[in-house]
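Presented below are the structures under discussion, each in the form of structure tokens.
The same chain A turns up in both complexes below, where it pairs with chain B and then with chain C.
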Partner chain A sequence: MDFHTPSSFEDASKRAAEATGLTRFLAGGTDVLVQMRSGTVLPDTLIDLKHIPGTQDITRTPDGGWRIGIAVSGARLGDHADLVADWPGVVEGMELVGSTQVQGRATLVGNLCNGSPAADSVPGLVAAQASVEITGLTGVRTVPVEDIPAGPGKTTLSPGDVISGILIPPRGAHGGDAYQRFTPRTEMDIAVAGCAISLRVDGDTITEARVAVGAVAPTVRLVPDAAAALIGSTLDDTAIDALVTAVRAACNPIDDKRGTAEFRTDVAGVLAKRVAHIAYSRAKGDAQ
Partner chain B sequence: MPKDDIKEFRLVGTRPNRPDGLDKVTGRARYGADITAPGMLWGAVLRSPHAHAKILKIDTSKAEALTGVKAVVTRADFPTGLTGEEWNLQENTMAGEKALYDGHAIAAVAATSSLIAQEAVRLIEVDYEVLPHVTDVDDAIKPDAPVIREGAADASVPEGMPPNVVKYFEFGRGDTAAGFKDADLVMERSFKTEATHQGYIEPHACLGQLGADGKGEMWVCTQGQWFIRQMCSAVLGLNAAQLRVTPSEIGGGFGGKTTIFMEPLSLALSQKAGGRPVKIVMSRSEVLRATGPTASASMDVKIGMTKDGKLTAARAEFRMQGGAFPGAPVDMALYCCLAPYKIENVEHIGYDVLANRPKCAAYRAPGSPMGAFAVESLIDEMCRKLDLDPMEVRLKNAVREGDQASYGPTFGSIGLVEVLEATAKHPNLSVPLGPNQGRGVASGYWFNHNGETSVSMAISEDGTAQVSVGTPDIGGSRASIALMVAETLGIAYEDVRVNVVETGALGVNEPTHGSRATFATGKAATIAARAAIKEMCRRAANEWGIDEEAVEWVDGAAQPAGPNAGDYPPMSIKDIAKNMGSTGGPISGHHESVPDGVGASFGCHVVDVEVDPETGLTKILRYLVVQDAGRAIHPSYVEGQYQGGAVQGIGWALNEEYVYGKDGRLQNPIFLDYRMPVASDLPMIDTMIVEVPNPGHPFGVRGVGETGITPPLPAIANAIQGATGVRMSHLPMTPTKVLAALKASQE
Partner chain C sequence: MSKIHVTTVVNGDEVEFLADPRETLLDCLRDHLGLTGSKEGCGTGDCGACSVTVDGVLVSSCLMLGVEAQGKRIATIEGMANGEELHPLQRQFVEHAALQCGFCTPGILVAAKALLEKNPDPTETEVRYWLAGNLCRCTGYDKIIRAVMDAASEMRGAA
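This part shows the complex of A and B:
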């Protein structure tokens, strides 16, 4: 196995493009190392990205949004008071990943690129309209987060593509987001269903919304119909019912050891309802 | 009565620091995988990906050609001609003609590094002919099920039974037909439980060394070093006395480390590699796929009850699969399931069924939790139907000393009534319940095993004592044995060191199993200490020139008694020890026996749950364990056993299960998907120790380790019915299953 520690994303991209066989990037390593130890993924090339300058940084962008380095751990996201104030739903999604020990290493980009439909941090990023900056052989481009997952364990990235940063838009006034997942256990578990909602209010009325669901389809899914159910409402019962119906209609899960398709679909609707109330309270500035 | 109120002992019943505490919190304790030796090789095992397959050909040539590989073994390297359980152990250690379950060992490699060994395993080529498989017990007992092994049934199985039934049990007394006639309510229900794993934190690990001369050594994480010695010797055709087995510190066992898995492989590899020691450490997936989970069960129970709650008759018919070998604990389940009740008319029928799963091992009160789930669930449902208090019904029918047990013998001193009375008075029973909340109670029972026990203790030159025991300390036995020996000798707890020793140091000991260590080893150690006291009294008598019978032992010193009382100042253990070289040599005491006087333990659990009606999620709000300990030697450890049993039972009840796919492969061989409870899932488990001393033990001990896992399964099902009105009859009661049941009940 070849092991590289490039000092720039351009170098990382070049190494990845030149590599033969199976290549994996290493940020926190909380998926890759576990897969290697269990023998399920045995890479021929490992490219460790976390020594590239800036990968550990959380910075405010000139437009008031955020740039999050690809090696920033869940623990450091949770410690960043300004980011938490802006995007509590994004952060709480990431903080649900793994244990305290795993939180010291696990990263947003790793969670995204692992390609799990149940990745806890991804629905929050999608609801927040976050994007990733990709350094490839032909230069740097920006792609919405929801366009990265391609199916369980798969992404749309090409050989030589390296995600070099996560970009979260400015929160702006009267916005709020939230994420919840369902697991049989309280922690150290994997989502059976998950839902993130980001919305903006004008007084009591919802003016903008994005709804994303996890673990109920081959990829994390943005649900425009569910957002439409919320926009223009005051989160009254009719809007909630329409939200729940739209979310359940967007579900296309599998029956497996973690839950039946029927259960996942039911619970996704329940989570959407609960999450909508939290995001709404946050947007209105109520304590949540 | 809470133990702390009893002052009759100086040390027994106190809570000193555990002797292994510092080593464990500093990481200094040496577990199975911590042992290394010069020249050591690493072993790895190739395992079957198929649930059931004929092994047509194994080609190890590419593995053998890999640089660093020193030995490869297959079943061809093992002796032939074994029979009975010895053949079962050998067949489970390494597949012969067929792979019998997903994870069954096919070949093993020893190499100079772990990575090379794993790579070599991937280079072994196996031709399989995949056969139809069966993993569910109800499917396996069908007459047309795939046959796991022809001719595996023993003499207990009547002609004409389905081919995978290998043992049949039938026993009872009275007239159940008449008993059901006397009842006002007769109900019959069917229940299922899924296989669970002990989930010990330490995966199996061993280091084995075996020379061409047949002399060998093994360092291993085990509950029983003599079992390892005997089983490895049988499987490999060795002379048992030539194999020395040293147990490591142990990170949990719960019954799962009372047998062999990869241990013989390390010895076989070592011998083939010229006697170089070979270490094998299992991964968690190997532990889940290829060690010894418990059985899964399918059970029918029929009970008759009068309208005032008197049980008139009961019939239990249980089917269990314990993997591809005989040994599902269906007999134990039948013995225990009705044990808390005095019923004149009982009928028990059991089937031990083969299936394509790993060979089950013991798991904390093997069989009893399943049987309790069926019986205690049905009794609860009947109490609800007749509007009777489940505690009062349990008390009304409770067995007492002198009653004949449902499974035959007559109970000696037992504490079920005291447990039920204490439970009924506990404040947890009067906490008001809110919406979607429910309360469940259930009783449970487990025996107390004795087993071969050999203990040696020796007085040191300074008057302190060392005790050599053969039962690995998995639940605090070093502390409790030290307390009993210190109490007996009249010295400080800190002046006793209890060592778990290797097979060369003592006579045969059964493992730490059957809740026996504090009972049997504790009893033997106490008798050994008394023997040393007798010798010390003799030394003092000689010194004083008086009759040995006229010396008594008081507060750690010999003193003249009877006509000589007060003639000489007491001679302390320190004084006697200091001079032992000139008064007759080393002073020690021994005891070897199968100690009699076992004391069974009953328990009662009360649990409050809240069920989320939208997701089916069950939250444990509060949990109470009440159990008879006979006498709690170290109450903190007793409480720990109660809590640990309850927590394992909660996991079994709510989320833990072996999930097999249609392909017969285990779907969840990792802790992410094999969902044991985590700390944040649980409240602090409340405990109450009831003490009805066991007259068969010098300090009144009953084995307490196992009963605690028995009541949680039904207690939680009963609480869920209270919270939701829905009766769950198939474990685990996952959110998926509970929500589906709630939806079905609303349709």
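This part shows the complex of A and C:
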């Protein structure tokens, strides 16, 4: 196995494109090392991205948004008080991934590129309208997070593409977001269904909303109909009913040992309702 | 590919070893440095028996490559006692009989020490969540939690 530690994303992209055989990028390694250990993925080339400047940094962008380095761990996200204040839903999604030990290494980009439909950090990023910066052979481009997953274990990235940063927009005034999932255990488990909502209020009225669901379709899914159910409402019972109906209509889950399709669809609606209330309280500045 | 020369600091001492890039930090600690206190339970980051800290952050050493340790500061169970004098966590584990076979104990001690450095006064719930990634098949956890709580209390009193 060839092991590289490039000092720029351009170099990382070039090395990945030139490599023959199986190539993997290494950041937190909490998926790659497990795959190597089990023999499901035995890379011929492994490219450690952590020597590239900025990969460990969380920085505020000039517009008031955030740029999160690709190697920032869940533990570091959770310790960043300003980021947590802006985007609690994004951070609480990531913090549900794995144990304390896994949190010490696991990253948002790794969770995204592993391509699991049940990735806990992805619905929050989608609801937040986050995007990823991709360095490829033809230059740098920015792509919405929801366009990266292509199906279980698959992404839309091409050979030579490497995600070089996560961009989260400015939170702005009177906004709030939240994420919840259902698991049989309270900790150290994979989502059976998950839902993230980000919204903005003017007084009691919701003016903007984005709703994303996880583990109920081949990819994490943005649900515009569910957002439409919230916008213009004061989160009254009619709006909640319309939200729940729209979320369940967007579900296309599998039956497996962790939950039936019927159960996942039902629970996704319940989670949407709970998450909407939390995001709404946070947007209004109530303690949550 | 040939082996890579790695220089790192383990328990305060600078060490060096030659690592195949596929070897985990756990492999390197055990096989190259002779530090066999960190255990391999699962090798896939599920059990916590290989817990160490890297630059103060708790990680599973089976989920990190040895070559990634270059220039880092690693702390393992071997660095926990001060000579013959046990760390309060270690002493409380003995006093509470918070271990039976002992295989998970080094990882739990390292994880618990990392918790108390971050949060010297944790609730029982916080201790249980923090240690959720450390599996013990013998004790049923209760004595472990009580030992960590008492060690925390003792360490706060001593400070």
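One rule holds in what follows: the second predicted complex is superposed on the first by the 288 of 288 C-alpha atoms of A that agree within 3 Å, B and C clash if a C-alpha of one lies under 4 Å from a C-alpha of the other, contacts with A are read in each partner's own complex, and residues count from 1 in each chain.
Methods note: contacts are C-beta pairs under 8 Å (C-beta built on N, C-alpha and C of every residue); 3 or more make two chains touch, one makes a residue touch a chain.
Computed from a prediction, not measured in an experiment: that's the story for all the values here.
> In the overlaid three-chain picture, which partner chain does A:T59 touch, first (chain B) or second (chain C), both, or neither?
In the superposition, A:T59 contacts neither chain B nor chain C.
> Of the two partner chains, chain B (first) and chain C (second), which one does A:E187 touch, if any: first, second, both, or neither?
In the superposition, A:E187 touches chain B and chain C alike.
> Examine A:L33 and indicate which partner it touches, taking first as chain B and second as chain C; both and neither are also allowed.
In the superposed model, A:L33 contacts chain C only, not chain B.
> Who does A:S158 touch here: chain B (first), chain C (second), both, or neither?
Neither: A:S158 stays clear of chain B and chain C.
> Does chain B (first) or chain C (second) touch A:F263, or do both, or does neither?
In the superposition, A:F263 contacts chain B only.
> Regarding the shared-chain residue A:A75, is it in contact with chain B (first), chain C (second), both, or neither?
The answer is second: A:A75 touches chain C but not chain B.
> Find the residues of chain A that appear in the contact set with chain B and again in the contact set with chain C.
In the superposed arrangement, which is not itself an observed complex, chain A uses residues 37-38, 187-188 for both chain B and chain C.
> In the complex of these two chains, what residues of chain B are touching chain A?
That would be residues 118, 283, 285, 614-617, 654-655, 659, 667-668, 670-673, 675, 677-678, 680-681, 734-736, 739-740 of chain B.
> Using the touch definition up top, name the residues of chain C that touch chain A in the complex.
Contacts found on chain C: 1, 4, 21-22, 24, 43-45, 48, 51, 54, 57-60, 62-65, 67-68, 111, 114-115, 129-134.
> Would you mind writing out the residues of chain A in touch with chain C in their complex?
1-3, 26, 29-30, 33-34, 36-38, 46, 48, 50, 73, 75, 98-102, 104-105, 187-188
> Which of the residues in chain A end up touching chain B in this complex?
These residues of chain A touch chain B: 37-39, 182, 184-190, 192, 256-260, 262-263, 266-267, 270.
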